[in-house]
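Encoded as structure tokens, the structure appears first; notes follow it.
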């Protein structure tokens, strides 16, 4: 945990956002420190909207987003990426027409770190990618393309990694592998991780704290250890 | 539940896959045999794809979707062009909030009630007869939904959504498919919409509703079909669905039963 | 009757303005209401012009005027209507880019056919022998009457457009223009409506072309260049694509200003008229399109005014 | 060609993510098989395969050419006379792919490329090959200028698709007639020595046409390589493929967009210079070619950038073959327009669905 005086790594205040004039997020407040922070919620709760807004791809209609104390509410996505936000959307997370190497290179274009070093680190985390660099990313399997998407974000050397449903649609073995990798990325590199997940059990296995979203409003943030089935059922309206 | 015969949609052995992934795999499902039926399921359950296949905007890889009308006739839906769906009484609200940006609220409503004959390029007096034939109904809906000025163009997301539902009602559906009818609406408007849906169902229309606000599902539906991973897992009354261990597991993940 | 006071060029200039107003009005139905990008107006107009001219001159008609004119003009309109139907079918499912290429391609086809089929059309040399279906004694009188007839025809087109705005058919066209999938989901046969619209409006464009042929009495492939399309489009967009009077006001301010006011009332060196003025005219129209769309895309008259229309219809 | 798929589609409200995010696994027990299937099931397409097929086809054509005079003539004349078409289409396609704008004013970029070359050549007294590149660069800068002055402003003001096309149409005509003021009404010719004729496959070709063909081929390859191999080319493709994801990866859209307009203008300008040296430079130089460029891009773009190149080459050869056959170039254009329109009707980009019903 950071020192008491240091600002949280990511801080969200009264966040409102949506598509056009359709409001989706209706006032969210939370702060994330160096941890794995999971956002839970059923279909349509606004999880994807929240991450896209944090990545600055959707306009903020009200409220603010601060990254390490710096207000990034008005920054475009290309600038927040340079300030250390890595974003892996759930859909369209790779450039399908580009090769795996090119996908990773796109992420490696910002920052001072040499490309080779970044690639080496990505291959350390995802060894499967090493012999697939020449392939067209669109031809990869679901699990592999998810690895490419993650790898591309890691190439940016981010301080915060936003993962939107990182394991949706993957087979159970991949799911396990992915959560293991997520834990590794957090503990090994000190990257703060914010992920959304529909499946509460999976998320609780890796997260330090969780928040349940329902119809654009957030529940109180719960420490993973305190979460009970009843509290979850209530937040999910089940 | 009404005793009169209702129109229903029968889905048999319907399969659809995208890029090798099976998205919908339904053996048999009858939609609309109760007044209000809810379609529920977590992400990726295939609800939207199923609805689109019913409307024939997505074609299934295999299987049959048929409409059993209340008058006893049967129609294969997958051979109908989109614009003929409404002629057979199958109407669906739009999932994305959208509207005609040049048409006023009244225009939109008149468009819904106009029949093909009215829209022939040369027919004098069509507008007048169209208006006088439908004036009462249009006025009552306008009042009920709180549209103060029918000659304005719908502006806010809420207005557009309301108007969309209004258009669906004016098309006099025998089966109405609603995709998130209350998303983005203020509470008091939601209440009005639900009230109208109930009335419509009581009058003999079958309503099938996909909704993310589970409170609405529990409160409104006579029966709920629960889908996950493209399959229909169960069809039961809301209370049983709500208490079912599989449903909880699918929503929260294994271990939270 | 002596018409010596009247400048012959003023009559033909006014005829041109009235003609472009007619084309602009028809384009308004296509672009303004239904939002189908027709960049090949000259193709439909030109097909009408050439069909009329070729039939009128090359066919040995067994009957005299005005039947010779009426039959040829009817055939020209039908040919243009049929072409409109085919082009509309071609682009019905395509987006604006497809519509651009389809209509542009069609106008190129008309130009190529007019050039290559020279035993019929006279090709690059042109074809004479067209004339008025009546004779009042002097050319000037004949032209003046033809101008009056053209004005009456364009008046009828204006009336038709005005009427379309006030019918369920017009509402359907507007609905297609602003959200075709939604209209389709409401049980509207949108493709059918688009085909009908194109057949009617393109047929009328062909009729205007036939009228033009009588006035100029000569087929010239130079008239098949982009000028007609540009003039109709620039006028319509300046006036306002969504309004009935948009084409009228816009064309008067563009073509009217250039072809009548400047040509007649501004003292310019004579040698400018052959080269500089036509070039300047096109350049200004082009620039006008850019400036108007950038700063006032709805045109001088502004947005479509359904609310007032509706109120007038139903409260009164 | 698809418009860049917008990430987290800004213009669509929050929708159920059912379609793409499908959970497809069967019962848990089959999980292991799925992993195996995922990693080895699909064999990815080999990029080299298409190229080798095309090379084989080219070799076959050359063999055929040595046997048939007609084929030889079609190939040689088609390739040399319509080489610039490929260059023009490549630039246009690049712009279309990234910005989604069907820029009618591209015709005038081509024309201006021709005029810049004539102007530089006559005012500086340089030879044609010395002025080609500067002329292309000037055309590229002009292209960037029109983006900054007009299309960027229009995009920010949310001008609609149809209006965008009408604007580029207006700009095209403004430039075309503006050119007539600046450069006069006369057709201009390059001052080049009467060419020697070289025999290729038994067909006599003026030497400068062969040089032009070589230069166009080289430039097309260079531009293609720039897009495929360089860092900026990568950013261009990333932005074209998925604008949102590219931005979230740190790609700065303005820089890259300017680059695209420049490269597209460069290609157009070069094409114009080569068109010009092949015949003459006139205000209608570009607009005469525009329809063909549009059709090649729209039809070739159904596949990808390489598709544009191949459709361009094939169009050039088909045009010549038919001209030789019919004895009139206009008929071949007619046949081509019909053929392309038919392809568009069948495979063209559909109307964007404003509503998912």
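Per-chain numbering from 1; labels A, B, C and D assigned in written order.
By definition in this document, contacts are C-beta pairs under 8 Å (C-beta built on N, C-alpha and C of every residue); 3 or more make two chains touch, one makes a residue touch a chain.
Because the structure is predicted, anything quoted here is derived from the model rather than measured.
Enquirer: Which chains are in contact with both chain A and chain C?
Expert: B, D
Enquirer: Treat touching chains as neighbours: how many steps, at the fewest, connect chain C to chain D?
Expert: 1
Enquirer: Using mean Cα positions as chain centres, tell me which chain lies farthest from chain D.
Expert: So the chain farthest away from chain D turns out to be B.
Enquirer: Using the stated contact rule, I'd like to know whether A-D or A-B comes out ahead in C-beta pair count.
Expert: Answer to which pair has more contacts is A-D.
Enquirer: If I average the C-alpha coordinates per chain and also across every protein chain shown, which chain's average lies closest to the global one?
Expert: When every chain is reduced to its C-alpha mean, the one closest to the whole-protein mean is D.
Enquirer: Taking the mean of the CA coordinates per chain, how far is chain A from chain B in Å?
Expert: 34
Enquirer: What's the distance between the Cα centroids of chain B and chain C, rounded to whole Å?
Expert: The separation of the two C-alpha centroids amounts to 44 Å.
Enquirer: Tell me, which residues of chain D touch at least two other chains?
Expert: 12-14, 16-17, 20-25, 42, 354-357
Enquirer: For chain A, which residues are shared contacts with two or more other chains?
Expert: 20, 22, 43-44, 142, 165, 168-169
Enquirer: Which residues does chain B have that touch at least 2 chains other than itself?
Expert: Correct list: 21, 43-45, 55, 82, 92, 94, 97-98, 157, 180, 183-184, 212.
Enquirer: In their complex, what parts of chain D are in touch with chain A?
Expert: 5, 7-14, 16-17, 20-25, 28, 31-32, 34-35, 37-39, 41-42, 44-45, 47, 231, 234-235, 237-238, 241-242, 244-253, 304
Enquirer: List the residues on chain B that touch chain A in their complex, please.
Expert: Answer in residue numbers: 21, 41-45, 97, 156-157, 180, 183-184, 212-215, 242, 247-248, 251-256.
Enquirer: If we count contacts the way the header does, which residues on chain A are in touch with chain B in the complex?
Expert: 20-23, 42-45, 142, 165, 168-169, 198-203, 215, 229, 232-233, 236-238
Enquirer: How about chain C: which of its residues touch chain D in the complex?
Expert: 31, 35, 37, 39, 90, 93-98, 100-102, 104-105, 108-109, 112-113, 115-116, 179-182, 184-185, 226, 230, 233-234, 237, 275-276, 279-280, 282-283, 285-290, 293-294, 297
Enquirer: Could you pull out which chain D residues touch chain C in their complex?
Expert: Residues 102, 104, 150, 153-154, 157, 159-163, 165-167, 169-178, 180-181, 185, 287, 291, 294-295, 298, 328, 330-331, 333-334, 337-338, 340-341, 344-345, 348-357 of chain D touch chain C in their complex.
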